[in-house]
Amino acid sequence: MTRITVPSEPVSTLSDAWRTCVGTGRFNLALRQDYQDSLALVQRDIGFRHIRGHGLLSDDVGVHRPYDAAGHRGTRYAFTYVDQVVDAYLGLGIKPFLELGFMPSGLASGDETVFWWKGNITPPRDHREWAALVEAVIRHLVDRYGLDEVRTWPIEVWNEPNLVDFWQGADQKEYFRLYECSARAVKDVDASLQVGGPAISPGADAWWEPFADFVTQRDVPVDFLSVHAYTSGPAQHVPFGTYQALRRPQSLLDQFAAPRRILAGTPFEDLPLHVTEFNTSYRPDNPVHDTAYNAAYLAPVLAGGGDHADSFSYWTFCDVFEEENIPTAFFHGGFGMLTHRQVKKPTYHLYSFMARMAADVLARGADHLVTRDAATGRVAVLAWQPVGGSEDPHEPERHELRLSVPVASGSGNAPLTASVHRSVVNETEGNAFAAWQHLGRPASPGVRQLEMLYEAAEPVRSHTALPVTGGRVDLVVTLGRHEVTLLEIDPVRDETPGWLDDARILGRGDRG
Amino acid sequence: MTRITVPSEPVSTLSDAWRTCVGTGRFNLALRQDYQDSLALVQRDIGFRHIRGHGLLSDDVGVHRPYDAAGHRGTRYAFTYVDQVVDAYLGLGIKPFLELGFMPSGLASGDETVFWWKGNITPPRDHREWAALVEAVIRHLVDRYGLDEVRTWPIEVWNEPNLVDFWQGADQKEYFRLYECSARAVKDVDASLQVGGPAISPGADAWWEPFADFVTQRDVPVDFLSVHAYTSGPAQHVPFGTYQALRRPQSLLDQFAAPRRILAGTPFEDLPLHVTEFNTSYRPDNPVHDTAYNAAYLAPVLAGGGDHADSFSYWTFCDVFEEENIPTAFFHGGFGMLTHRQVKKPTYHLYSFMARMAADVLARGADHLVTRDAATGRVAVLAWQPVGGSEDPHEPERHELRLSVPVASGSGNAPLTASVHRSVVNETEGNAFAAWQHLGRPASPGVRQLEMLYEAAEPVRSHTALPVTGGRVDLVVTLGRHEVTLLEIDPVRDETPGWLDDARILGRGDRG
Amino acid sequence: MTRITVPSEPVSTLSDAWRTCVGTGRFNLALRQDYQDSLALVQRDIGFRHIRGHGLLSDDVGVHRPYDAAGHRGTRYAFTYVDQVVDAYLGLGIKPFLELGFMPSGLASGDETVFWWKGNITPPRDHREWAALVEAVIRHLVDRYGLDEVRTWPIEVWNEPNLVDFWQGADQKEYFRLYECSARAVKDVDASLQVGGPAISPGADAWWEPFADFVTQRDVPVDFLSVHAYTSGPAQHVPFGTYQALRRPQSLLDQFAAPRRILAGTPFEDLPLHVTEFNTSYRPDNPVHDTAYNAAYLAPVLAGGGDHADSFSYWTFCDVFEEENIPTAFFHGGFGMLTHRQVKKPTYHLYSFMARMAADVLARGADHLVTRDAATGRVAVLAWQPVGGSEDPHEPERHELRLSVPVASGSGNAPLTASVHRSVVNETEGNAFAAWQHLGRPASPGVRQLEMLYEAAEPVRSHTALPVTGGRVDLVVTLGRHEVTLLEIDPVRDETPGWLDDARILGRGDRG
Amino acid sequence: MTRITVPSEPVSTLSDAWRTCVGTGRFNLALRQDYQDSLALVQRDIGFRHIRGHGLLSDDVGVHRPYDAAGHRGTRYAFTYVDQVVDAYLGLGIKPFLELGFMPSGLASGDETVFWWKGNITPPRDHREWAALVEAVIRHLVDRYGLDEVRTWPIEVWNEPNLVDFWQGADQKEYFRLYECSARAVKDVDASLQVGGPAISPGADAWWEPFADFVTQRDVPVDFLSVHAYTSGPAQHVPFGTYQALRRPQSLLDQFAAPRRILAGTPFEDLPLHVTEFNTSYRPDNPVHDTAYNAAYLAPVLAGGGDHADSFSYWTFCDVFEEENIPTAFFHGGFGMLTHRQVKKPTYHLYSFMARMAADVLARGADHLVTRDAATGRVAVLAWQPVGGSEDPHEPERHELRLSVPVASGSGNAPLTASVHRSVVNETEGNAFAAWQHLGRPASPGVRQLEMLYEAAEPVRSHTALPVTGGRVDLVVTLGRHEVTLLEIDPVRDETPGWLDDARILGRGDRG
């Protein structure tokens, strides 16, 4: 069993990198009610700063609009949907992390597409027209939202150009051309805007040096670097689903760390680094995303990822997502922290637990993170059962840790007790996926089944008070299978009046 | 241990008497935001038909308004607040159960009052003016809401006239005069309106025969009878609080039954009988109201009360209530199912569990009620630990019951499993009062403390699937101390596609 | 000037045909926030019974899902989006009017499509598979919503099969085959479900007799007939827009009347007749839809359409619509009563005015409809400037009518005055399109511009009181250009106390 | 006619004093739904910083709670309602401006009260206990909301101690004692908290020097001065109502200016000065408050008040107010900008128009205020018909002003037109009080009457575009009786595509 004596003074500060950005399905989907309901919930409980997804320039957002009628010919830029979405984002307290892509069909050089929704992945037919498009979009945003605001929105050029699925031929030279053209168009609007890339997928470390060389040699603007991270192995398909092996969680942290390691000693080492996508599996139909395992797996990544990157963006906040067609079942292995209709998955709770951690880190280890709020004295313990991916798949049914936690007195006398409020999510508790399995996996749950799923999805809460001895509370925390748990420990200021005698309440008098 | 083989065919129909009416603090309080937020929640989760409280005619509602200025003298009837409240009620899907009282100061014959908020309890100075007031109020309601609507609102004359606290001298003859005068005034508006009384408190059975005689002899309209029921003994006061002994729960049912027993053989036996107030303790500062004990105590009363009365109205739905001055602490023994700011007490959950029961009763016993929904086949089991009041105070830490539950096939093949969704409330789970004690009983909880209380107040949910054998599921239900539990058992229609193999999800393969 | 002495007794009853159904963009769009916000507003102010649009079976709803992987092959029916949309509809108090179409690509016999969003218009590759799909969809709806509910949802087979744009080759024989196959599949679920067609466009009267013959000869179920009606001439295109001539409003009523006229004497004459689409122009980019002219034009159609059809469904309730690609400007000639983001167009107000008319019709004429509410005595006058389409385009700047309106006494004494509350919409008042033009036609209005548009879109209200003489009020109503106006006339029950003297209020004493 | 050439450069900056504070009925009323709905609306449209009313320490808030039971005796401070109200305020974006008063009955030295709701106006029985109470309240607020927050809440000692109605005997010496005791108690919590007084009513200028002398001699803390201002003469009562003469609007500005004039040359001249109450009439039953006259009267006061005071707090934001008992009619001359149920009065619109003015003042005169927003170039003109109170009561039916307004080009080319959006409120337009009179003054309007009142209460909007010549627009503004009007003038960036031809829209081609 882990035994930890938590120091009484902070050892570090918790980075906000974990909540700096979150991923989302394509831009057009942000018009949906279900999407906006989900985002509102996420923002209430978690509170991300930025949101990033594909498809800003794809046909279903309708920006690039060539016309030729009645003797009039040209291109109109239309922001009908762009403005609706960005207005909604800002109204929900989240800023765009812009991704420039995919190619509007009216500007595309070919007809290769990616995804069920057919994002065009070919280079522009005319780079000047592409630059004009980029400039028009950014200028419109600056006009509408103000330069001070847009300056805080990173602008990333394309997505995973190192993969043939996302960029015709995975043509590096063509990408660099697109990058340069885009970056200069952005800076033509205002030099203070932030542009970056190359948004490469895992396994493309060989792109870093050429990218660095290219932008250096041609003096191309680059304000940040971006990369993706996943730990899943090859997909084993079944209808509407996929199974995959996973490497250890540490592999995610290693991927976060790679760019700066590779670029060490260059000026690029000091640029902001954004992991603009990460998750266990890169498939939107792998059931692991629905499990407590996914949360337990990611817990150490959220706790430690800020050591390596300025942001790491969970792909994605909700199951409103259509890259592999429309889901055919309620739980379908989608990326979302939330299902359609906002049933919370375990990974949602991991994030909501993180949102209750404070800035001062008292301890961090293989199965725990401990923080304290300077203002209130509340100590928050995030604990999890460590898991090892497919490389080490045999977790026991239980995991235990013991902590000695310092409980400061808020003011005045030292507290005699501390209250402990615990929230539990594991394979059977706070687990709507398990409940859904018990219900017979209804593809489209009825109203009452949905209510049950909402109820089953809530963490199981317990509450107690423990004695404070020598300014410390001793905790023995037993975790279930793949559990992620939050303990919130408050020094108690006892306001009980002297005249109260609980033994006089019926049903209390005869208790120990 | 109880062992029950639940019949597979209904034995009776569950009466709606338990939800026909609920009690509330004085009429004026219905103007409050906290009150309306609470009522909205209650209506969403429970759904009462009527709401009854005091003070419609008291000065703080402002109906009876004598004036004398600039040579103009008379009485104006003002419905500014009456309409705001009734509009709000109807908007929340609940109808008034009107109580005529207390006496407006401009019409009172004396200055005796009841409660901190000073309801005047003296007879009218002028009975014609009282009749005019009653008629004006009812006529206004009929004008505004329509006769078809108001005809469904029972109109009760005064409150507990048998007590000197509520009616000067507990003067029976004076009450009968008031009753007659009021009933005739109501009928003068429309003969189809329902009027009744005498709204007597427990221990006043001696009033029934004189009341019956009086209305018979003088042919006074009486459309329903009303009575109150409580089981608490004398109050033992501490500052801002009270402790009391309680009789057994059966005492409440006996009180419900008394009027018809006493009036057996008379035409009054067949009148609708409304228990217009009931609870354990009649004190708004007895902590028993905040406990799981209160819920366990009332469970058999809700299950069986419909045998005796057409309604029995829990006094009261929320802690917005000021009869003994403004509460000085968050939990203060208030009558409410909800605290200020809508933290749910165990009795709230008892009611919300009842709201999930269906019409067909399969079984009813000392610790359980079992229903089945004809449309869906869902079986709902409400179970509780029996408690005995102060007369039998030594409940064990656990209570167990075993049920064999019939699980019908909704359609097609017989189900192989049934899903069981359980919701638990007892002395430690789903118990915000216990959590509040652990927090040091903060008199006015802070924002984060309130969040904890909301979380702690939710029933602990669990979900499982059980095999169906011979059309039945065997359940062993272990209840904690003073537990009220709900089990919702659904026949499972398994929609699992043949290609799914949970063992291929990470973390699943190596399980039993 | 029109002079009307409105009779004091009803001459007829106002049919609800005008609000029985409303049109909508494709099914998938109902997932949008903007769409649902618009529908909520429409339902609050107008309250339609049914909603009908295309695309229930199109790929972007994801129902028909063939699979072939890991040795598993077949077709899955998925209702993920169907249920979300229908749940939302019912939650907003509106029922689906189902249209079966278009063809899922996995079942299509070809790849011809209609609209920017590519609805497949080819017959099924396999009619048994089509029948299985239809049956599965209807059975699912019956399972989820109950037969009693679904029985009230008309089910229409396909859309405008007489046009090559909507049905490959406009092949009548193929349509009849599809109709028979679909109708029988529906009835296989339950014989009480309502199925109908042929949903033909204007100008296809030649289809009626063959359709009648076909279903008669083969004894194919047909519970209702459906047809569309538009009065626009050929489209004159400009980029992102269209201009067209319009026939007279009477042409719409003639089209409504045609099927029963043609089928007179046959059993089909007595079937319910649903005009499942109507509007002035059939183009979603004709600016006439944004104008007061459109409202004035349709006013007599709404007032009189119920003489000819059981429903006539305005195409469409909001501008969330993508048949001709995504709109490039805020006002773009869309069909909607509401723009994106719920700015109200004049036609919206026409409908909201109709929603304030009562059941008893006192008078109806070329420029007015007068009703009276039996319960309250309120007389509502809907008046409009008659317009003649392109055939008679020279309306004057003003139109005047004079009415003598009977004002009944609600109860008691005859009223001395009547209050008149007037709501005005014309080319300059209550006209957001005009305001938008003044603003320079911003393609994507900013936040403050939107606020101005909301304000400019509200009808101009005025209020006065008029003397009642001989039980009548004389009204002279002057309408502006293309005005639609509502007057609500209430008999006044004067509650002014005798002591009030407005001359004593500052600023009042010296008034005439 | 006024002719104004508005300068093209700012002449001053508009002070925020007008929105720094607003008045409210007693603290307890803030618990009401109607109150909170009203405040939410006010905050959305206007946005005050602080809110001030009476009764924080009165019995109906329940703070001071002596007890004596079961051998326990003492005083408990209870914040049940205080916290609910302050939480609600902060949640609505408004901060308390605390007023210490009135006297809790448990601490009072006598039983004299003020108002229908009986605020006790006697000095404390024990000044140490008063100091303890003040300190406890402030300390609790600091504990709950933080010192940084509470430091921004001014704390005012008592209300109008110069009047016998509000302070027993209007005893100056006793007030100074209370002030000292209170101020020191506040500073005992934290020296940075702001305390002030003496909150005197109009006509008490003789108090300033003694107050200044007292605090100087005894070195009593005073961080701000406070005073009230009203211009009404003696009340002429009728039942439930009052008529009064009014002095000129300038009298209000003179009252704002008086304290600094009187204290000129002393250090008190430089203290913040808060006019913690002002209005025309000081009576909550004077119909002038419901009129357009009230708005026109106050327009120059809002425009100019910031020259004299750091805040001037309109008494009060809504009609939820009970100083003269519960209103017996919907419009009853209440202070509110809003009636019960949020019908907007003209004075509400005056404030909402002010909320649309920008910081840069271009011109200010007897009938106008002109501002320009630096970011957008929008020019806002607030214009009104000047009125003179009872001293000059004969306003004409119309008032006209002519302005030449500079219209800057936002960017790029100079605009050719400016859009003008006008909002009108006068004796007949945007005037729910007039509509209510036409309806027969229903004391308690029905649902449909309320809808009419909401509609009648909206300003009449009109929209046009005017040519810009030499960078200027010429406006001729005709105002109706007692009108307050807002014109918002925006330079137009014309986005009309070249292919549009409105003449081709039906109903447009034949227009001049």
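Just so it is clear, A, B, C and D label the chains in written order, and each chain counts residues from 1 on its own.
In this text, contacts are C-beta pairs under 8 Å (C-beta built on N, C-alpha and C of every residue); 3 or more make two chains touch, one makes a residue touch a chain.
Per UniProt, the chains are A, B, C, D = Xylan 1,4-beta-xylosidase.
Just so it is clear, the structure is predicted and the values come from calculations on it, not from any experiment.
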Interface with more contacting C-beta pairs, comparing A-B to B-C: A-B
Same-interface partner of A-C, chosen from the options C-D, B-D or A-D, over half of the pairs matching: B-D
Computed distance of Cα centres, chain C from chain B, in Å: 46
Interface hub residues of chain C, defined as touching at least two other chains: 69-70, 72, 76, 238-240, 329, 443, 497, 499
Footprint of chain B on chain C - complex, ascending: 69-70, 72, 76, 497-499
Residues of chain C that touch chain D when the two form their complex: 236, 238-241, 243, 245-246, 287-288, 291-293, 329, 376, 378, 387, 389-390, 393-395, 417, 419-421, 423, 427-429, 434-435, 437-443, 448, 452, 455-456, 458-465, 481-482, 488, 490, 492-497, 499-502, 504-510
Of chain D, residues touching chain B in the complex: 31-36, 60-62, 65, 67-70, 72, 76, 78-84, 87-88, 140, 144, 236-240, 325-330, 340-341, 443-444, 446-447
